[in-house]
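Got a structure for you, written out below as structure tokens; questions coming shortly.
Per-chain numbering from 1; labels A, B, C, D and E assigned in written order.
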Amino acid sequence: MITVLRRVLFVIVIVTIWEIISKTNLFPTFMFPPLLIPNDPGGVTVLGTLVDGLITGQIIEATSVTLGRLLIGFSIAVVLGLTFGFLIARFKWVDDTLGFFVTALQSIPSIVWFPLAIVWFGLGNLAILFIVAIGATWTMTVNASTGFKNVPSIYLNAARTLGSSGTHLARTVILPASVPHIISGLRVAWAFAWRAIMAGELFGAAGGLGYLLDMGRSLQAMDLVLSIMIVIGIIGTIIDNQVFLRMERNVSRKWGVGT
Amino acid sequence: MITVLRRVLFVIVIVTIWEIISKTNLFPTFMFPPLLIPNDPGGVTVLGTLVDGLITGQIIEATSVTLGRLLIGFSIAVVLGLTFGFLIARFKWVDDTLGFFVTALQSIPSIVWFPLAIVWFGLGNLAILFIVAIGATWTMTVNASTGFKNVPSIYLNAARTLGSSGTHLARTVILPASVPHIISGLRVAWAFAWRAIMAGELFGAAGGLGYLLDMGRSLQAMDLVLSIMIVIGIIGTIIDNQVFLRMERNVSRKWGVGT
Amino acid sequence: GGGSEENADEVRIGYFPNFTHITTVVALENGYFQEEFGEDINIETSTFPDGSAFMEAMSTQDFDIGTVGPSPATTTYQRNPEHEIIAGAVNGGAVLATREGAGIESVEDLDGMSVAIPTIGSTQDIMLRETLSEVGLDVEDSDGTVSMLPQAPADTSTLFLQDDVDAAATQEPWGVYLENQADADILLDEEEFAWGTASTTTVVTARNAFTEGNPDLTEDYLRAHIRAIEFIEENQQEAVEIFIDHIEDIAGNELDYEETMEASDRLNPTYEINEEVLQEMATISYEAEYMQSDDIEGLVNRAFLEAALEEE
Amino acid sequence: MKVNLEQVNKTFPKGKNNSLHVLHDIDLKIEAGEFVSLLGPSGCGKSTILNLIAGLDSPTSGEVHVNDKKVKGPGTDRVVVFQQGGLFPWMNVLDNVTYGLLLKKMSKKEAEEKAMEGLRMVHLGNFTKAYPHELSGGMKQRVAIARSLVMDPDVLLMDEPFAALDEQTRIILHQELQEIWQKTGKTILFITHNIREALTLSERVLLMSTRPGAIKKTFTVQAARPRDPSDSVLVNLEKRVMSELEEEMEKVLKEEFGDDYRFKTSAVRDRDRDHMGDHI
Amino acid sequence: MKVNLEQVNKTFPKGKNNSLHVLHDIDLKIEAGEFVSLLGPSGCGKSTILNLIAGLDSPTSGEVHVNDKKVKGPGTDRVVVFQQGGLFPWMNVLDNVTYGLLLKKMSKKEAEEKAMEGLRMVHLGNFTKAYPHELSGGMKQRVAIARSLVMDPDVLLMDEPFAALDEQTRIILHQELQEIWQKTGKTILFITHNIREALTLSERVLLMSTRPGAIKKTFTVQAARPRDPSDSVLVNLEKRVMSELEEEMEKVLKEEFGDDYRFKTSAVRDRDRDHMGDHI
């Protein structure tokens, strides 16, 4: 109860401070557009723009474009990451070669691939998908291979003495035993993918939330920029906390690993 | 030995494949600029451009600009993150308010702040520093507060029965006991900062490796883009593996925590 | 994409929403392209913010033909000689604007200042370098003292207002906007900046695969282009109105008529190609290390223009 | 009286509106120089009692006195050795041992001399520069003991200090602890699950009952030292303690398994009955 | 002969050019239905022997036979219960127990019936749907035992299965394991550090020496079941085993502490000497 109260109060305080900064003439209005109560010139507010965008469907459409891309790119990354991770864990020579290559690739921010992606795939959906996928694939690969490599030998030994081997062992023991690593891999991979898509869309200008941001920037409509940021924050927080963090916690509780 | 051999072989194979793709007429040369042996139009190679850039000092200068910014932005983020983290761990009401706010802020990719940053700080160094700092601060905050909150009670109890309390306890026990968490926080924060600076420089265009990339893109000089990517990959790998991963491993070995 | 390599049933045209691309806008709006191509040919259009994006899309075969500054067409030519300049479009129309309060009275005063350009390797980039070299200055990238900031023209007035840059090499209508919205001064107008009225600001560029596969359509395009130029010369006011309507259709904001008229006075539509200036631009690009050499052999192809003019 | 608990109760909150009554009317007195063991099944509240004495927690009702002073918080007159030692992994052995001494405003030199003395007592004089992760489990517990001893506390509180060690290491440490106790004359409260450990080490064994925890029975151990597990006094005492403990174990098992365990508890009882005669 | 090791040696590579000779000329025979314990200090090679029999590792030289067939890899005729149980945390209790049965191409229904039977034997009939993290340590080991028993192996290999449990739970499980053994007549090889555990459970105790591991001495335990620790046969046997073990412990301590430990080992010897008479 007291927690909720404090949070509400905190948000009110922040909003009020912003509103005051916006209303004093310390900075031009466009630097701090008002959140709730319009200032004289222009008369826009962040809330107004947000509600407007929601009603006209502009924001919802952009969100669905972004999430659609994210889903596809992230799925590709997960499939590739699990495959590479498995090969690296399974074959020493893949580890020696691909594994070492992946460590280097992982250190290249995915947005750096953008110039190449445009030349290879043209400016548009494909290039952004590429950025998203490449942003998440390497982390996923590293985490999956770490997971597969570090299956506690007690599980492997137990399964082997009970008669399991080969694919049965991989399916019933190696894969589930790597789930904790894979899930934290998913979480980090998601974080990178989320960052990659925003950067990609800001550049790539082909619809999506990032494109709306860029539009807000070009038009110097900081009210639009802020309202899109709010949307991004909410979506990000929900996915991060409700999906990945929850998954991670559930698993670590179930696996008997401390949080 | 065999590992090194395999790696060398792998790199040779990759380079050869690239070179072959570049030399067949499957794709225009500019899509896959040759790495070592120049093709007809343009006659440039990635290696040539890289060596050239190094000799003229262009790449070294850009690298030092980027690293300088990174260092400042990252340092700010670390200081802020540790401070916020401490306050969140120490005071319940800060946790209830700031802590909850940080979770939301953490989910906003830092590049999304770019439009605001430009309006607030102008185009240039400050805006990029802001992007870098904001990209790393929240993760650092979350990790630091988790670390401070989860100091094993056995250490606290041991210290308290030995007569420690207050700042002495904070300095000699809480801080060192949170080091493992703080270090993994540093590592993730660094990863975000590294991604943020590249995105920021690609946009912000005020020197640095990202600016060179943008230049390569504008001129359709994929040889320049690739040679900068190689530099980025090398720097990233070195910092990631030689600094942060090594720190993390040392600490987790010393702390008796499994890798 | 596709479908346009040979006997295309579609022509994809690219241009910028800038006044220096008015020839393309007028040819589109007045239906000249459609008339020349015939009813069977479908027309697709795309717009680009700067020359880099334009050439990028042309290289990835996202469109076939359109108007662009000569420098992007030149600098990308060496690495990827898959396009050619087949006609001129607009001369002039580029200005060097300075921020009020930056204290810039002459080109020499740019020493230590920052100047915005649309993109690296853009025509204004090259023009700025040419102008600076006349007074012995150079940009930081070439070890000079003038810092050059590639920024979308749309963002430039913000940068002026925030004192983030001191000057801008830009093309119309942005020069007029800077004057009116950001109180900028025009240090060098279209007649003084770089090669002055002889400066080639936009040219018609086409992918080789398109021109070779569709010589007839290419000539049709140029005929429409020439008609548009003639129309603009004769009906300046009407052309400006067409342009304003067009921009409102694609960007949703209505330009000020007076301002746009002012901008239109600063440029000179022409189908002529000034190869001398193109070669000088290539040389500057080469010196800026944007190119490996200043050899642009094969970039300019007058054949289609001549054919189109003959049939007039 | 070194340690004196009077009518101590402890209740932990549990969930929203529930509470868990862990300790019920505990009366516990330890004389100066005594070695007392607290024995009981898991979860009966042994560590809770120790924490109350250490001042790491406070009772819900009742009073805890050490040296006739009411316990109000942790103090260096009562030092704890924990099951996992609680050594600081970021300090080497010497720094761990001098940690508490330096807090007593002792000079660094003096502290180090004292620490060396303590380390020598546990045979670790050569390991001052080692870090905890470089030590075996037994060595770590030795350092923890040394760290506590050098503080020269009035009461040494030990919470299952040897539970995580293997049997052999344990036997050796039992030996050493007895010697240390005889040499220093410290008052020691020792917590354990292990009947034999309690009997080998202590003068008095307090057997706890569970849910809520209370002191069920006290056994006085009158065997010669160093003690030998085959000493008939100990063998008999062990049987007596065991039969008392079995009741508590049954209670715990019932709680854990529900009715499913009925068969088993009767089996434990059978055994109980068979040999009951021996110690009555 | 159920299990037969002949002249088995095992060497592990250590570092670049070194190697560690862990087992030296081990000869070990276990008859059908025998309950044999392997006792020895930490690191003497007990688990290594078990792994060789389980087929999880292979000897450097010598032969390992089970049921007169050479061991070439893991097989369901030899099932292992590990110290931490090795239950799969992602499967519930029933799925854990049926895991091996389903691999034997048994129908799901039949497997579940058999698993229920096994679980009832360890008093966990009501916990089939529980996940390992919901169980106490003792319950987990019970599931692990059930999982092994339902496989109906020729040999049950147990590697310190009760080491991580508290003393009371351990006592109960000793009881249960004895009953299971008597009921099923399985051949069991049981590894432990704990002399008393070995004596309570087994027919024969093999004492191992360390560096390199070898079987030092065999003790036959002829006491009535259910066994009672106060049985004089066991008390005396325990003393004898202890005195043999002390030598090994001393070796280990010397290695760990270097010369610093001289004083202590003599103390252990003192105790040894004092009571030596009792069992000679």
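Everything below uses one rule, namely that contacts are C-beta pairs under 8 Å (C-beta built on N, C-alpha and C of every residue); 3 or more make two chains touch, one makes a residue touch a chain.
Just so we're clear, the structure is a prediction, and the values are computed from it rather than from any experiment.
**Student:** Could you compare the number of C-beta pairs in contact for B-D with that for A-C and name the larger?
**Tutor:** Comparing B-D with A-C, the pair joined by more C-beta contacts is B-D.
**Student:** Using the average of all C-alpha atoms in each chain as its centre, how far is it in Å between subunit B and subunit C?
**Tutor:** Comparing mean C-alpha positions, subunit C is 38 Å from subunit B.
**Student:** As a quick test, compute the distance in whole Å between the mean CA positions of subunit C and subunit D.
**Tutor:** That gives a centre separation of 86 Å.
**Student:** For subunit C and subunit E, what's the span in angstrom between their mean Cα positions?
**Tutor:** 84
**Student:** Listing for subunit C: what residues touch at least two other chains?
**Tutor:** If we look for residues of subunit C contacting two or more partner chains, we find 56, 59, 158.
**Student:** Going by the touch rule set out above, which residues of subunit D reach two or more other chains?
**Tutor:** none
**Student:** Mark out which residues of subunit B touch at least two other chains, giving numbers and ranges.
**Tutor:** 30, 118-119, 214, 217, 220, 222
**Student:** On the basis of the stated criterion, which chains touch which? Give every pair.
**Tutor:** A-B, A-C, A-E, B-C, B-D, D-E
**Student:** Which residues of subunit B touch subunit A in the complex?
**Tutor:** These residues of subunit B touch subunit A: 2-3, 6-7, 9-10, 14, 30-31, 93, 96-98, 100-101, 103-116, 118-120, 188, 191-192, 194-196, 198-199, 202-203, 210, 213-214, 216-217, 220, 222, 225-226, 228-229, 232-237, 239-241.
**Student:** Going by the contact rule at the top, pick out the subunit D residues touching subunit E in the complex.
**Tutor:** Touching subunit E from subunit D are residues 41-42, 123-126, 136, 139, 163, 166-169, 171-172, 175-176, 179, 192-196, 226, 228-230, 235-236, 238-239, 242, 245, 248-249, 252-253, 256-258, 260-261, 263-264, 267-268, 271, 274-275, 278.
**Student:** Please name which positions on subunit A make contact with subunit E in the complex.
**Tutor:** It comes out as residues 154-155, 157-164, 168, 172-173, 176-177, 179, 253-256.
**Student:** How about subunit D: which of its residues touch subunit B in the complex?
**Tutor:** 54-56, 74-76, 78-80, 82, 84, 86-90, 99-100, 103-104, 131-133, 147, 151
**Student:** Note which residues of subunit A are touching subunit C in the complex, please.
**Tutor:** So the residues of subunit A in touch with subunit C come to 118-119, 121-123, 217-218, 220.
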